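First chain written, first letter: the chains are A, B, C and D, and each begins at residue 1.
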Amino acid sequence: MTWDANLHVGVTTLAEPGAAPASATRELSYLEAIRDALRYELRRDPSVLLMGEDIGVYGGAFKVTQGLIEEFGEQRVIDTPMAELAMLYAAIGMSFQGFRPVVEMQFADFISTGFDAIVQFAATNHYRWGQPVPITIRAPGAGGLRAGPFHSQCNEAWFVHTPGLKVVAPATPADARGLLLSAIRDPNPVIYYETKYLYRSLKGPVPEGEAGLVPIGRAALRREGEELSIITYGAMLHEALNAAAGLEQAGHSVEVLDLRTLKPLDEQAILATARKTGKVLIVHEANRTCGVGGEVAALIAEHAFAYLDGPITRVAGPDTPVPYSPPLEDAHRPRAETILAAARQLLAY
Amino acid sequence: MELPAELLTRAHYWMRLTRALDERGTFLHKQSKIVGGYFSQIGHEALSVAAGMALGPDDVAAPMHRDLGTYLVRGLHPQRILAQFLGRVGGVSRGRDANLHGMGDLSLGLIGFISHLPASTGVIAGVAHAFKLKAEPRVAMAFFGDGGASQGLAHEALNWASVFQLPMVVICENNQYAYSTPLARQMHIEHIADRAAAYGMPGVIVDGNDFCAVYQAASEAVARARAGAGPTLIECKTMRMRGHAIHDNMAYVPPELLASWAQRDPIARMEALLRDRGLLDDAALTALLAQIEAELDAAQAAAEASPYPDGATVTEGVYAV
Amino acid sequence: MTWDANLHVGVTTLAEPGAAPASATRELSYLEAIRDALRYELRRDPSVLLMGEDIGVYGGAFKVTQGLIEEFGEQRVIDTPMAELAMLYAAIGMSFQGFRPVVEMQFADFISTGFDAIVQFAATNHYRWGQPVPITIRAPGAGGLRAGPFHSQCNEAWFVHTPGLKVVAPATPADARGLLLSAIRDPNPVIYYETKYLYRSLKGPVPEGEAGLVPIGRAALRREGEELSIITYGAMLHEALNAAAGLEQAGHSVEVLDLRTLKPLDEQAILATARKTGKVLIVHEANRTCGVGGEVAALIAEHAFAYLDGPITRVAGPDTPVPYSPPLEDAHRPRAETILAAARQLLAY
Amino acid sequence: MELPAELLTRAHYWMRLTRALDERGTFLHKQSKIVGGYFSQIGHEALSVAAGMALGPDDVAAPMHRDLGTYLVRGLHPQRILAQFLGRVGGVSRGRDANLHGMGDLSLGLIGFISHLPASTGVIAGVAHAFKLKAEPRVAMAFFGDGGASQGLAHEALNWASVFQLPMVVICENNQYAYSTPLARQMHIEHIADRAAAYGMPGVIVDGNDFCAVYQAASEAVARARAGAGPTLIECKTMRMRGHAIHDNMAYVPPELLASWAQRDPIARMEALLRDRGLLDDAALTALLAQIEAELDAAQAAAEASPYPDGATVTEGVYAV
């Protein structure tokens, strides 16, 4: 038996529902959309620079930055020593002198090695002495790739809890580009969670130029429905959409909200969908306890209580490290089927 | 090389101002006007003032909790410092950060300090990196202590500075203790400057209580950095003459050790030098001290006139807009 | 004007409701109870040792470990270099050779400097290769002492989110001792949040010997009531009890649940009180978003939904660093009055 | 000093076994039987085997992702390693951890590796600390690379070991690259061993492709540590002969550099030595290789016979009870 042989083979093409495609769009993979955003910002703004381990000559562990050192030179695409903490502190220092560094963590899992720079310095600085810290931290996260406990983490909740940061998690190529543009231009430290699983497996239309900007703090309604709301983000959006399609076949009308920004959460959109359907299913790949789903549930339980017709339900990664072996990882990572089962139960409530 | 009279006189003023301001801080804490912690820097005046004076106006420094002198030399007004200590709106952090933390003001080339040592050494590496990328002839200066030297970040930041050959000067203030921990429990070597070799950068040892020695070493390092010749690590040997913070009675420090360092008080040495060179006499000193007290009285009055922040503003300013 | 002159003066004495006092108890301050637990374990089990900055000769920044190096020697009360990351990794290594290290973070705020050792190594090890990591990390946390953004943090949610850790947060001297005994004996990494604010301001009866053991994972009902449940932990327990007393005078019957353990949460006790009163107010000092309160709310919204008579409400520290200046810190830290106001609103729902 | 024939023959077996197992791993990955990543260690056989053999049975090692030889020498059976690579229940981590991560087994004195470099150097400092506290004559050995040397933890752990004078040996495997990053981008010095002076410990440079050199240096360091004379840093100069991981074609490595190191292949050198000393001939080598293939065939069959873990067990074992 071999596992995941076709993990990267079936490419999903996602139409962006709701938004009429802008005049100029291209079909890009999720990864290409990220690279496109980096290139676009590097061209547009001379203060933007990239830093990271193996991002220059090698083009990055996932080749996201491939070709950029050739175009922009090693002054703007900086291969660094293997030192996440110094790297992130250095980015802060550069930002104090007019740069807008975009720092690549080789995997989101290594963000913990530079934790202090983010949560203690960058997050608090503007509050303390008024100096903005316009840095972007790219964190390639999440699982499904048989990469084991240290290359599959979804650790966004650490930062969603920490005041002073912004956290985004695009689920589509258009958002991957659009949110990265916004992150780089934001005067605050933004952690940009990109989903490795989607890098090459997902393609979609991506608006060009400024038209593609996606504002931080705004969720996207990916599917409208009446009976149930699924609230999710990242790779789970696609599992949720599959589940919703399955439910439609069974005659159910399901709404799917893609959070896109995890901090600040789009409370309005969250509460609007909860109030509309009265039944909420929250889905994320990250470990359940104290994850973003808990916060979303709490917001709804406080501010949309009167509209609820059933228990706020969560489908999330169990509270374990992400295991390596395929049957274990498959049991760990929520899938359309898991979501379907939970949704059916909630619909029947 | 003999330093010019004007420079020494200026340095003397800064050193005296630093000590007087520090003593005022201690007193305000005794009066419960400053609440929470307070860190005294007595004994550090020579190194903090000298390092600060070695920089140019466009350079950037990240002093730490005992580098009051550097803040002053770079132009941070005592009024803003006292208002900071007192938690007032007029303080550098507008009441948000405590004592010497968060006293950043880039218009003065000052990075605000966070507790997590030696954070600002990492930040300074980035500032220096920016100077290099922009090809600006500017220098960034970091400070860390004998305690901070044990932190991984000290290593990462020094390595970073040397890999990229950045215009950075690192002042290691070896004051023999990190809180209660003596040097020998912090490291198994005698001279922190010897670590410079681990990064292929010059390491210099100076008497941190001798203004002239620190000033000369720092000026050379600044010149090297400005010329594009890379970073330097300067170890200033000194002694923390008070407890770690105000509540600490330092029972763990052998009295002989303190007594021997008291003989080497940086201000006394500076004044002996000035007198030797005919630049100071009793009358001039008395006048200077009176002038400084008057300055500080005015600064304190202004600081105390500054209001406390309004609690309703607590959530303001978390994000830049 | 001077602030907080009598912050440490008024000593509250707390009777432990519910539990009949064991035959042998002493009145100890919260701090003394911690020291007593350390001494008790050091005497009982030769594999227990303490590590930290300034904990030996100096007795610790707060004098919690005062006298212990004199009794147990520097082999068992180890003054370390200022290096949290090495310290925590070393503790892991020691635990692999039969020791049970108790590591003191000088302030909870510095736990982020050793973050990797906790969340990447200690938390995952037993799951990965089956070797337990019996270490205890003492984290003196929380505010109210005019200590500013870096000596006041409540960062427990980072660890509650991370699988493989246990997290406790005693609110009384008896629990301070009893949970520390359990933490030290637990074969897993346990983060023990002690509240600096209570060190000397709170005294209470503390059972001696083995009778004082408090199991990890069990909440304590501090006050029984019918109309509303306040769920809280740490220093906020005392604010909540004050608020509950105030509400009683106004004729309201309020229940107060002290979580004591934050991971694993005592779901049974949480759901029981929610089902009983139907109205839940969650209180913590930590920043609101993605805090432990969000998780508690989510648990209730999912598993006690049918019993709810009002929105699940949270009172928490706002999403900012903990500011220094007294009026700002007072506005940041929940107090009995804040809790009262929220409770009144919920009671009126 | 000439090493005994028996020892060299044993070392030769381990080195050959290491390479054969590694090549099998690569092949299993090509076959998609191993999924996810795979790290080859070709070129590291001398140092990993020699370091492992310098330890005694009660010592503890924390090898990293290219120290397959050390795992084998310490007694980890190829069957458990292959089952680990294949994600089976019979693997060291029972399918929970990936490739060479998490291959810990304290009954063999092995600490499981985590990705976050150089984590296990910190853990080993603690193991060594425990040995010292218990006054046991045991030694703990850490491994980190030229990349890991840039991490703050490398500094903190070396400093810790020297402050407490722990029985610790640190093998720095300088294989010229950290992923695509060449040494000169990682540090501004030539010899990582020179950093030992920053901790007041001996630093030794050896040819990491020469079994005898590594064995002798490691044995001396182990003896020093066991005798209570404190830690040693040994830098093994070597070359990573494959990509960082299996997907990496190493286009960034100058072909001449690779070619020159190919001349210094550790196994070829060992075999030349053995032939010189009359301990090996063609027939013996052929027999040894056949024996190793047979051993690995059996190990692989047993590993493949081991089941995948049941998905239903995913939440088991997070906590020890």
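Rule of thumb we're sticking to: a residue touches a chain if its C-beta (ideal position, glycine included) is under 8 Å from a C-beta of that chain, and two chains touch if they have at least 3 such contacts.
Remember, predicted model here, so these are calculated numbers, not experimental data.
Enquirer: Touching chain A and chain B alike: which chains?
Expert: Of all the chains present, those in contact with both chain A and chain B are C, D.
Enquirer: With chain C excluded and the rest untouched, write the groups of chains still joined, or say one piece.
Expert: Excluding chain C but keeping the rest fixed, the chains that touch end up as one piece.
Enquirer: Quick check for the class: compute each chain's Cα centroid; which one is farthest from the centroid of chain C?
Expert: If we average the C-alpha coordinates per chain, D ends up farthest from chain C.
Enquirer: What's the distance between the Cα centroids of chain A and chain D, rounded to whole Å?
Expert: 36
Enquirer: Would you kindly tell me how far, in whole Å, the mean C-alpha position of chain C lies from that of chain A?
Expert: Roughly 32 Å separates the two chain centres.
Enquirer: Which whole number of Å gives the spacing of the CA centres of chain B and chain D?
Expert: 45
Enquirer: Which positions in chain A are in touch with at least two other chains?
Expert: Expected reply: 80-81, 83, 85-86, 109, 112-113, 116, 120, 124, 127-128, 149-150, 163-164, 318-321, 323.
Enquirer: Residue numbers in chain D touching 2 or more other chains?
Expert: 93, 96-97, 101-102, 114-116, 150-153, 156, 159, 163, 185-187, 318 - these are the residues of chain D that touch more than one other chain.
Enquirer: Have a look at which chains touch which and call the overall pattern line, ring, star, complete or other.
Expert: complete
Enquirer: In the complex, go through chain B and note every residue touching chain D.
Expert: Checking each residue of chain B against chain D gives 150-156, 159, 162-163, 165, 185-189, 194-195, 197-201.
Enquirer: State the interface residues of chain A toward chain D in the complex, per the touch definition above.
Expert: 1-5, 53-54, 57-58, 61, 79-83, 85-86, 106-107, 109-110, 112-113, 145-151, 318-321, 323-328, 330-332
Enquirer: Inside the complex, what are the residues of chain B that reach chain A?
Expert: Listed in rising order, the residues are 60, 92-94, 96-97, 101-106, 111-112, 114-116, 119, 121-131, 133-134, 140, 152-153, 156-157, 159-160, 163, 317-321.
Enquirer: Report the residues of chain A in contact with chain C in the complex, numbered from low to high.
Expert: Contact set of chain A toward chain C: 109, 112-113, 115-116, 119-120, 123-124, 127-128, 149-150, 157-158, 160-164, 263, 265, 287, 289-295, 297-298, 300-303, 305-306, 308, 310-314, 318-321, 323.
Enquirer: Of all residues in chain B, which touch chain C in the complex?
Expert: Per the stated touch rule, the residues are 31-33, 35-37, 87-88, 93, 95-99, 101-102, 114-117, 147-148, 150-152, 178-181, 185-187, 252, 308-315, 318.
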